[in-house]
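As structure tokens, here come the structures.
Look at the two complexes coming up: chain A is in both, with chain B in one and chain C in the other.
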Partner chain A sequence: MKNSDNKRDWGAYAFMLPAGIIYLSVIVVPVLYSLYISLFKWNGIGEKEFLGLRNYINLFRSDPIFLISIKNNLIWIILTIFVTMTVSLGFAVILNKQFRGRTFFRGFFYFPCVIAPIAVSIIWRWIYNPNVGFINQFFKAIGSDFSQSWISDPKVSIYAIFVAALWQAIGQPMILFLAGLQAVSPDVIEASRIDGASGIKQFVLITVPLLKESFVIVIATLIVSAMKVFDVIQGLTGGGPNNATQMLSTYMYSQTFQYNNVGIGTTIACVMVIMMLVVIVPYVSFTARED
Partner chain B sequence: MEGKTQKITKKVVLYLILVILAVIWIVPMLTLFLTAIKGKKDFYSGLSLFSIPARIAWDNFTNALVKGRLLTYMKNDLIVSGLKVPLGIFIEALAAFALTRLNIKHKTGIFIFFLIGMMLPMQTALVPINVIYSKLGFLNTYFGLFYVYVGFGISYGILILRGFFKGIPKEIDEAAVIDGCNKWQLFLRIIFPMAKPAVATLVITDFLATWNEYLLASVIINDNTKKTVPVGIMTFVGEHGTDYGYLCAGVLVSVIPVLVVYLIFQRYFVEGMSGAVKS
Partner chain C sequence: MKAKKGMAFLLAVMMLVTMVLAGCGNNGAGTETTGTTDTEVTASGKSSGSSGGVTEVTFWTLNTRQNAVDPIVEAFNSQNKDIKVTVAYYDTDGIKDACKVAASSGTLPNMWFNWGGSLGGFYADNGLCYDLTEYAKKNDWENKFSAGVLNLCQLGGQLSGYPTSYNVLDVYYRKDIFAQYGIQVPTTFEEFEAACATLKENGITPISTAGLNGWHVMRFVELLIEHYAGSELHDSMNTFDSSYNCDAVVQALAKYKEFCEKGYFPAGFVTADPNDTRMAVFSGTAAMDIQGQWYDGMIIQEEQDMNLYDTFAFPSGGTNRLSAFAEMTQFNAKNTDAQLEACMKFMDYYYSDENAEKYAEYYNMPLPKIGAKMPEGQPNVAKMLATAETNGTFTITDQAFPTEVADALFNVQDAIANGQMEPAEGAAKIQEAIEAYQAANK
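Right, the complex of A and B next:
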């Protein structure tokens, strides 16, 4: 055994080479380069001026929009954990029951997932149109004079976008929960029924603990995607009105590509990574430990 | 007797819930469709959003495809996705093969290293890629987009394929080696073909992710003749933001390819993806 380990098989490394080179050049080197750029004041073309950590300090100390973005990302995380996860678990439980047409309904509720998020945002832009959009027309049709400017009202816009995102976002966690539910042995459920556990009690006490693994994956992927959320915001409001829906991703984008504050934009991206490490490190070690 | 009526009531309630949810879920697509078939006049004549117009405005569709350049956008997207998906999966499979079946040191460490890329936000690489690409002349090229897409797909591909390869018994390798296979033959003739179910799932999810990608494409491509569908469709909003029929027709047409792919391969999504999760 020891002998074969000592004999390096260089041919084996050749298999890793294409993936390794591309991964290094697209992800690793650019990320390190970003960390470097974040230490400078730079407009993307001219001379770089070294600032040390001052970009980071300025963002946290004296940039209210940056702080709003962090707050909005946190709101988004909380919304996805409580709403997206609950709704998708509900769908999974219903679609795990035995009934005719189950496959059709599974496919049906998953389908918004395959549409481009940017297309989803345009569809919902139209639904939320204050004059002729579906929602306000609907209230009119049922005889209510309730009317609301959904995405242009800073008080409701983030929730309006969240609903649009929810339409698409439940598919993935739903599938993960379904996979978990299918792995739950019917014998266990049957045994608990004999023991006299009622529907809800049985679900909370028996099924939910058995879904532990699904919950870990769902929560980790939901938090990561909530930190990254971009397309649906960019397509619906671009961070407006008056920064009410600004996220770290959209703020990074506008700082970098609209205002040419490349140093600041890159710093925001680096802050995103640092914040995400809180999720990434435990999740990756969980995934690696699994096998 | 009571048990039976209870069972039927339960079924009725279940279907009722499903139908209500389905109606809510179809609203966005239905609105999109009903708007796309209406002409400009229909909007000003006070026709309700929910009605079907007397004449279907086919112009909306032809305009979106030709004048709106949607045909060009779709062609571009097809070229990039058509290159990225097979080549990306092949490269990922090579690495996953080495990580599961070859004599390599620090396998878990390398795997974790690759896994991290799945979690990182693309924003972190955006500026450097832009800077490097503008120096190398890769901006506004199919190759430039293809290359970063392969890079960002590697983590997920390796995760899925590695999981599948691990499930293939080692005896197969030994038998193949006895039969005189070398590593490449083992990979190309035996292991990779055996991974068909995982590859099929990956092809579909990868195609959709590439076809739908917006952020990288919006930074790398700004030449109208090279734009992919998501970037192109955002151009629609800028140019024809108030011509709703035309705009919705464009979005509807852009969604049709993915819906077709989805309907054909639906089985792989729900069944295949839960399988991928288990492994």
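Right, the complex of A and C next:
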């Protein structure tokens, strides 16, 4: 019996080995190598100069653009969790109800999700164009003289880009919430209705707790996507104006590929990973412990 | 059941072995499809080479030239059965990034388009591009290319590329709009300001520009710096021999701020795409755009009436110099002799008079060769080159500066345009970036 079990284990390992090798070679090794590079001053080609943790210290102590990027990423995370999650949950709840054309609307609201982010940025570049863009032209059409340079104004640019990103980002969490809602037993809802719960009370006290697993995956994926937001920023403002929309990912890109500061670029990447872990690991482990 | 498991196990092991062996057999090259074309290329110089007597070489260039390069490559490959050229296309900023990534991973193509100055200098400084000094001597390039452009291709103490164009920038303007409002071509800075004021009063945006990536707005800012600093100080500042934190730069940035406040640039220009600046000029909502002589080709490509366009040198008050830069093709330092010969043969074919004449609007004409013909139907090309010859030139700022210093200038442009920064602070910020760069690269 013992021999038979061992044979089964070896078979399982053999099947896991190809994927394991790929995972190790394209994920684990590069991550460890990035961590190693972050300890050096290196232009990606020449000799490496060991700096220890000086790249990390310099970024936090004397790089104002890096600090702006962290602040912008935190703003983006907060907006993502509160706005993207709320809107996508709202759509999921509505699209979970029985009504004519429901399938069409599910596809309709999911549709932006399949568009490449760089295409989204091109679309919204024209929507936000101060001279011929849809939004300013709309205000003009309704007789308002309100006009705004949406992505050129540093006070509003990050929020304007967030709206563009939101348009695309709601599809994925909406689908996850929809799947979660469909897993909620109608019997439980019916029982709560008999007990007197209805409307918002029923939703908050019965449905939301039953969506806990959906929330865990949605919040975790939203935080990850908020930390690594890149394409839509690069396409709309390139991190400008004057770094007003600079994110860790765009700054990492500039340092690595434009300034040839590969050591600093990988340091920023490592900081991003640490920030994600600091937020996500306690959250996921806390919710798992509750289970 | 046991037999099935055994078979499955065997298959898994075989798959693994195949993968590992396939990995070993691959010499590091991959295939790459660019975002702008379906052309499949071998991305690495290593991967190309001789195969069945055919020397395969890869070429990365700008997608704005694809309409000419595609048929040229096809014709070249059919005429030269022993050479196969494959091409990948990138946009202006995409090719800079793609080459940097390829340089870091040792997968540069056999030849790639590049600009002079700090952009091309990176590859020379790091021994990534072929030093053509000896090749040029052997092949008498002194009598083939103009001395000026060969000089601009001297980077990092070596001849670092095959010169493909010599570009000068001038102020393109709409003749019909100037005539409509009785504006004469400005010969002094004061007249230029007066022309802008008249245009603005009449609902025309004086200068079409776009700040995404910074370099288009820089074309105007550097002319203001030239105006206030004069040629000697400007050159000295661009080589970092004089400080940018000086009165001339403060005055230039103050004038730029004034122009922003007066609305002499399009609304929201700070994050507008430089590719869109010509739309405003072509549609007549803007009157001027600072462009190189390649703009004549764009006017033809966009089927605009060439008679509506003319150029003048920005009246900077001194010699009215134009900014200038070179373009070139750089060759992988790892090229074998056969690959280099194949690349050179292709370059000579690509930049032959016949092809340049046939696809003139996709070249930055004229070719930088001695005795090169001026392109037909592009009247401003000869005019601008003559102006550059008379007035002199200075190296365009984003090629004179390392990228991080150029970005500091771009941030200052944005901040001043948005009222976040005063000119004096801007001048200090640029100098701060220069000093930080110098300290980091001692």
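The rule is simple: the second predicted complex is superposed on the first by the 263 of 291 C-alpha atoms of A that agree within 3 Å, B and C clash if a C-alpha of one lies under 4 Å from a C-alpha of the other, contacts with A are read in each partner's own complex, and residues count from 1 in each chain.
The criterion applied here is as follows: contacts are C-beta pairs under 8 Å (C-beta built on N, C-alpha and C of every residue); 3 or more make two chains touch, one makes a residue touch a chain.
Owing to the predicted nature of the structure, the values given are computational and were not obtained by experimental measurement.
Bringing the complexes onto one copy of chain A puts chain B in a clash with chain C. In the superposition on chain A, A:G11 contacts both chain B and chain C. Of the two partner chains, neither chain B nor chain C is touched by A:I70.
Note on chain A: of its two partners chain C and chain B, the one contacting more of its residues is B. By the touch criterion stated above, A:P130 is placed in contact with chain C alone, chain B being left untouched. Of the two partner chains, chain C is the only one touched by A:G238; chain B is not. Shared-chain residue A:V262: touches chain B and chain C both. Contacts of A:S149 after superposition: chain C is touched, whereas chain B is not reached.
In the superposed model, A:L222 makes contact with neither chain B nor chain C.
Legend: residue contacts after superposition of the two complexes on their common chain; A:I158 is shown touching neither chain B nor chain C. With the complexes overlaid on chain A C-alpha atoms, the stretch of chain B that clashes with chain C is 135-143, out of 9-17, 135-143, 153-161 or 261-269.
In the superposition on chain A, the residues of chain A touched by chain B in one structure and by chain C in the other are 11, 15, 18, 44, 118, 125, 129, 257, 262. Interface residues of chain A facing chain B in the complex, by the touch rule stated above, are 4-5, 9, 11-13, 15-16, 18-20, 22-23, 25-27, 29-31, 33-34, 37, 44, 91, 94, 97, 99, 103, 105-112, 114-120, 122-127, 129, 132-134, 137, 141, 167, 175-176, 178-179, 182-183, 217, 224, 227-228, 230-231, 234-235, 248-249, 252-253, 256-257, 262, 265-266, 268-270, 272-273, 276, 279-280, 283-285, 287-288, 291.
Of all residues in chain A, those touching chain C in their complex are 7, 10-11, 14-15, 17-18, 21, 43-46, 118, 125, 128-131, 147, 149-154, 157, 236-238, 240-243, 254, 257-260, 262. The part of chain C that touches chain A in the complex is made up of residues 5, 8-9, 12-13, 15-16, 19-20, 35, 96-97, 100-101, 103-104, 122, 126, 128, 211-214, 266-273, 285, 402-404, 407, 410-412, 414-415, 417-418, 420-421.
By the touch criterion stated above, chain B contacts chain A in their complex at residues 11, 14-15, 17-18, 21-22, 25, 27-29, 31-32, 35, 43, 48-50, 91-92, 94-95, 97-99, 102-105, 108, 110-112, 114-117, 119-129, 131-132, 147-148, 150-152, 154-155, 158-159, 166, 183, 187, 208, 211-212, 214-215, 219, 229-230, 233-234, 236-237, 244, 247-248, 251, 254-255, 258-259, 261-262, 266, 269-270, 273-275, 277-278.
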